[in-house]
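Shared chain: subunit A. Partners: subunit B in the first complex, subunit C in the second.
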Partner chain A sequence: MKRHIVKNVQDSILNKCSYRKNNGGLLSGLKYTCKDNIVTGNLSGGILTTASSNVLKNYQSPFNAEVVKLLYDSGAELSGKVNLDEFGMGSSGLNSAPGPTLNPIYPGKIAGGSSSGSAASVAADLCDFSIGSDTGGSIRLPASYCNVIGFKPTYGRISRWGLIPYAQTLDTIGILSKKIDTIKHVYSVLNMYDEKDPTSLPEELRKETPETNKERLIIGIPEEFILEDISIDVKNTFKQFILKLINLGHVVKTISITSIKKALPTYYTLATAEAASNLSRYDGTRYGSTNDYDKLDQNIIFRNRSEFFGKEVKRRIILGNYTLSSSSGDHYLKSTLLRKQLAKEFSKNFNNKHVLFQDEQFQDKCDLLISPTAMSKAPDYETFEKRESENILNSYINDVLTVPASLVGLPTISIPINGIGIQIMGQFGDDKLVLHTAEDVINNF
Partner chain B sequence: MKYNPKYIFKCGLEIHTQLKTKYKLFSLSQTSFGDSPNTNVSFFDLGLPGTQPKLNTEALYLGLIASKILNCQIQPYSTFDRKHYFYPDQPLGYQITQFYHPLSKNGYLKLNEKFDGVDKTINIQQIQLEQDTGKKYNDKTIDYNRNGIPLIEVITDPDFENIDQVQSFVKKYQTLVTHMSVCAGTMETGAIRVDANISVNDNSRVEIKNLGSSGEIVDALKYEYNRQIEALENGRSIIQETRNWNGKTTESSRSKEDAVDYRYVPDSELPVIRIDESMSEDIGKELPELPDDILTRLTKSLELKYAKFLLNTPELLQYYDEFNHSDKNKWIFQELLGQFSKLDKQFDSNIIPPKTLQEIINLNCPLSEKRNVVREMILNPRPLSEIYKQDSPNINIDQLCNDIINKNQHLVAKLQIQPSVLQSLIGQAMKQTRGKIHANIIKGKFIELLKL
Partner chain C sequence: MFKRSLHKSTRLLRQIKTKEDIDKLLNNPTWSVKELSSSKQNSNSEITHKTVAKMIKLSGFNDEVTPELTKSLNLQMNFIEKLYDGEEEEVHKHSNNDSIFRLIASDHIPDKPLTLKQLQEEIKNLKPSKEKGEIRDDKNTP
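== the complex of A and B ==
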């Protein structure tokens, strides 16, 4: 790990730039940072898009991601591209070619990942908000470790055009900030259909999506999220949070979604398989880092990929290729089925209708679900690295609380309550209720 | 080709056909051919990070037409998959194709003795939509213009019992996809490429990749059939492998053991294609007349070779169908096409449209004169009215010219030794008709009457 070389916190977080127009738009006056797996066109100052990978060390995108364009049009200033776990793979912020992201508010602790620089830049007041991406918890986990708010909207709400895919059926662009108000404004700018993104939620479905609009909510706690390994301080804060909800007039009850237990293996099967496929294009022959060659053939591709991908990325590519190989069976298909089952089971626990399912309406169910975001507060480097070196799966287990909402595409926000991240999840498409409730709780805590 | 009765030939084909679309399968790059390298490429075609595919529905439509004309069942549910392998001409590291749920299945193409020289039904397993790859430009450069052009891959059953059947099938297939405007080119232009799987006596099959012409297919299959027989005769077994045709022999490129594992996975970026039965029926209804139907119709009054000639010359076929006359074969093949070829000119329906030919036939003048009009029009294209003044119906050219001949016997007598006096006769006729009839027509008439 190169973290000992890093001189200061700010350098570990971002590459500064300035990209804006003064138009008096909704977001003018606000500065934001952008995770470096979201492409930015030819900005002044030679700002590249690297995904924190040596593979894209010198990569200059010829176009802006849709989110960058929308934010530019609404007057926000892009003030830096921020560090991440290479291609979004990791939950620590340590798997980065330029070096780990340092936690600006808890020295010695990891920042969390993969949107490590996004959470850290918000926590360090380097911006008003940050744009990150969440595949299995990559916004919510670092938000929780850096004590900021992290919002992952419903899958398909924000255009992925220009987001470098890790696992495209899960990748979701989202927003981090200290202020819920800012998140709401930014979300209103980015929540747009984009014809360039084939998985963007079409206009008709956006209109058809019912929104919950009531004061007294029924809030469920899936018992599968109440894990023994959750630390005492997280448990205590979660209890206080529940009491606050009850004080605010909501009903809180325990429910069960048994498929959650299978979510983690399902997630790692799907995500690594998709990653192996998506990262096949990085061969150095058209763009990105390459060794010298006399002849364009497979050998140069193999040499480039062996040399320039980081360790964790290679690990996931190998895992994914194993899943996809003809000799391994049909794990990808099975995981897809488990994922569907999980989605159905989640949906059955909501009062609101899922816009993509033809199910009958359910009653006496929940409007929202809650759980802690992480098992504990940010661990320190030594503890994290020790656990990881004991067994690589230990770092994967970290994602157990965040992965289910990713698999199902639910709008989920992590809010900091006394230094602990708490997740609020809504029905597919019910983003406004999630944001509204988060605002309400934050203002009353 | 001699077949050894002890060794039964068996073959199946995979035919890759470029579709005649304006844009590529998943991007808005043009599909034009022969442009400078890397001028028709978009961000997606190069596999730039953060780009996504967008299905071109024109390609889908042509794929559906192809499915219909090959009598395939269009699937109500089809999807795209990624086929992974590393090669510099493959910018994504995978090809987007249809593996798990292809566009259509279970079709056939009937070859018949009368039109194709052989009676045989070849079954089609499936048709899938997919992307073409880039092309090597030089050792260090790939031309990505071809990358992403839509293809259909048509996979036949191993139904071919001899090379004649293969040849007839490929010929008929080319005529079909060209005639139906599914494909813009031919094998010769690289728009259609064939992989052939061949075995003898049900031993392991060998795949010969990338055959680019009908001649190559025949030569490669002949060679491979004999190679396999020779191997078996010498007690060697045939291994399942892929071979390339180098123009003279087939050479092994890889065997089953080192075959690439393509690691197929559904491409979740692309939507499911749902075609219900009524849509599929509608596509069937919109189809133009099929080649076999055209040949059947034409051969009622034409020899097969002329019928095939018309079928393969769409402009002429259209002309033939638009032109109505009791003696239309004579007029089109002898008079019209005969004149064009006599004058060494390319047939062009705009010079004498069917309606004009009709008018020429209806002119109140002898056949020889009509021929002259046709000839004049081809040589020097302009409206009929400028060549033959129809507004002077009282002028009987025969009589006029005969009168002039009679009155000028002294000039006629000189004609043998002084041919230029013909001009003087023509001049008189022109004067009398006040230029309403073209000099060439008058000239033709004098030549006819004076038997010059």
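== the complex of A and C ==
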């Protein structure tokens, strides 16, 4: 298998570089790694951006992503670009052209994906924090498998300018670290409106977004997150976590969000359809790798795409094109309607109003929601690959606990409690409450 | 199985106060994710060899149709059909298929309408952006 080619754990995680300015900024002295689907330009010393794909193996971006620029201006040092599942597609860290990301703290176990290198570089102390991206759980799942903190902010809070798109209505840039304090500082630098990103949350709505500011919170557990498949150790840790919240003086109650059960098929319909569209640009003539062919004809596009895309990416593109085709039915439309229903159902369970659904205000609801991040600890390579080869869907269902917050764009953090990831979700825009509560729980555990 | 459990919500939603309450909640799961990966007896849309070949071509690949790919596409479609579980009609056909749901402010809170004068003013003030690469910079072009 490919992983035996990898020389050591560090080589499987990152390509080193150094890009910084000494300016005494807020993040001076901190080193970070950046997922390799976030572009770094010529000005940063000619660091390539590959998305861990052979399609972009020699790609040099002409510009820096907005997050790279903001971090440079605040004094943080970019110390490496890190491995991922090709174009962000995967939950294991194994679907990568350069080879799998090895889990630095649990040898033989998968690192999780798709921000595998981000989580692994933090876990291995190769940096103070890492910038990743989360489409359906791609920050939170590897954070959980590598025992670090992973924060996916509200969709629209951090600029996506320079993030190579997988599914643009879901892709969200976020932060991983071992220290919640570091995540808060980095978030304060990156939480900026950006006119270059049409999905950026406008300035006036940022000001209007209500923030929860109270000591005694009402915390909901959607009963649809209580799955038969959750392992005993995850269940036991989740129990301790709930008990801790009660002991801290919060009110915990069960709620029901029935659409959660359909979130996974909804996600895979929408994400693959968007991927099929986004990745159509890589044909070796406009973007992406190409070979020197003797004959230049229209088949060059087919040859390039077949040769340079990995297996999982191809499968998702084909599935996306099939669900979008007239012969399959209106699955895209159905998923869109289910996503809307899910967003409204989630919103109705929060006390704060949703800043985009301005007409709605509910009372006696929740301030936060909680669930485990993953159904188990990181599985070992053999178990994961065996289950995947038996049924491809086995690798998709890993995302069942993380996908709902992605479809709805909620700020969500995964924090490690005794080696198990637990998620805290807030109302759309209520990122500060999520971070504040995570800090409080971590300090009291 | 999925259909039944989707509509079955007899559990009382309640406050969790004690260790016993937590045990009771976590020891009574509401469903299993296996319900999503189980295959249906009479799937509506068996993907044939011919359809897979067409989709490979439409996707811009020249790969051969393999049994593995056909199998995985069928499994994935079976999974996607779970979107309709609990509904009478299995797969819907709509005449209008151009709906989209995004979490973008302008989709939910319409901007104030522009007057002709404001529009003209905006066009007049429009300048190419260096950051967006709208101004050619040979030094910074790879």
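We take it that the second predicted complex is superposed on the first by the 431 of 445 C-alpha atoms of A that agree within 3 Å, B and C clash if a C-alpha of one lies under 4 Å from a C-alpha of the other, contacts with A are read in each partner's own complex, and residues count from 1 in each chain.
As a convention for this text, contacts are C-beta pairs under 8 Å (C-beta built on N, C-alpha and C of every residue); 3 or more make two chains touch, one makes a residue touch a chain.
All values reported here derive from a predicted model rather than from experimental measurement.
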Exercise for the section: Check the residue A:285 against both partner chains and state whether it touches subunit B (first), subunit C (second), both, or neither. Expected result: first
Practice task
Examine A:377 and indicate which partner it touches, taking first as subunit B and second as subunit C; both and neither are also allowed.
Solution key: neither
Exercise for the section: With the two complexes superposed on chain A, say which partner A:49 touches: subunit B (first), subunit C (second), both, or neither. Expected result: first
Handout entry: subunit B versus subunit C as contact partner of A:63, first or second or both or neither
Key = both
Practice task
Give one of first, second, both or neither to describe whether A:344 is in contact with subunit B, with subunit C, with both, or with none.
Solution key: neither
Practice task
Using the superposition described at the top, determine whether subunit B or subunit C touches more residues of subunit A.
Solution key: C
Practice task
Report for A:277: first if it touches subunit B alone, second if subunit C alone, otherwise both or neither.
Solution key: first
Practice task
Please indicate which partner A:302 is in contact with in the superposed arrangement: first for subunit B, second for subunit C, both, or neither.
Solution key: both
Practice task
Pick one for A:160: touches subunit B only (first), subunit C only (second), both, or neither.
Solution key: first
Practice task
Could you tell me if A:365 is touching subunit B, subunit C, both of them or neither one (first, second, both, neither)?
Solution key: neither
Problem - On subunit A, positions contacted by subunit B and by subunit C - result: 61-63, 169, 196, 198-199, 276, 280, 283, 301-302, 321, 325, 327, 332, 336
Problem - Of subunit A, residues touching subunit B in the complex - result: 38-39, 49, 51, 56, 59, 61-63, 65, 160-165, 168-169, 195-199, 273-274, 276-277, 279-283, 285-287, 293-298, 300-302, 321, 324-327, 332, 336
Exercise for the section: Under the touch definition given earlier, write down the residues of subunit B that touch subunit A in their complex. Expected result: 43, 46-55, 82, 84, 86-88, 91-94, 136, 139-142, 261-266, 268-271
Fill in the blank from the handout: Counting only contacts in the complex, subunit C reaches subunit A at residues 2, 5-6, 9, 11, 13-17, 19, 22-23, 25-26, 28-34, 36-37, 44-45, 47, 51-52, 55-63, 69, 72-73, 75-77, 79-85, 91-94, 96-97, 99-105, 107-109, 129, 131-133, 140-142
Handout entry: Residue numbers on subunit A that touch subunit C, as the complex places them
Key = 41-43, 60-63, 155-156, 169, 196, 198-199, 201-202, 205, 221, 223-224, 226-230, 235, 238-239, 242-243, 246, 251-256, 258, 261-262, 264-266, 268-269, 276, 280, 283, 299, 301-303, 305-306, 309, 314-315, 317-319, 321-323, 325, 327-340, 343, 356-358, 375, 391-394, 396-397, 400, 408-409, 428
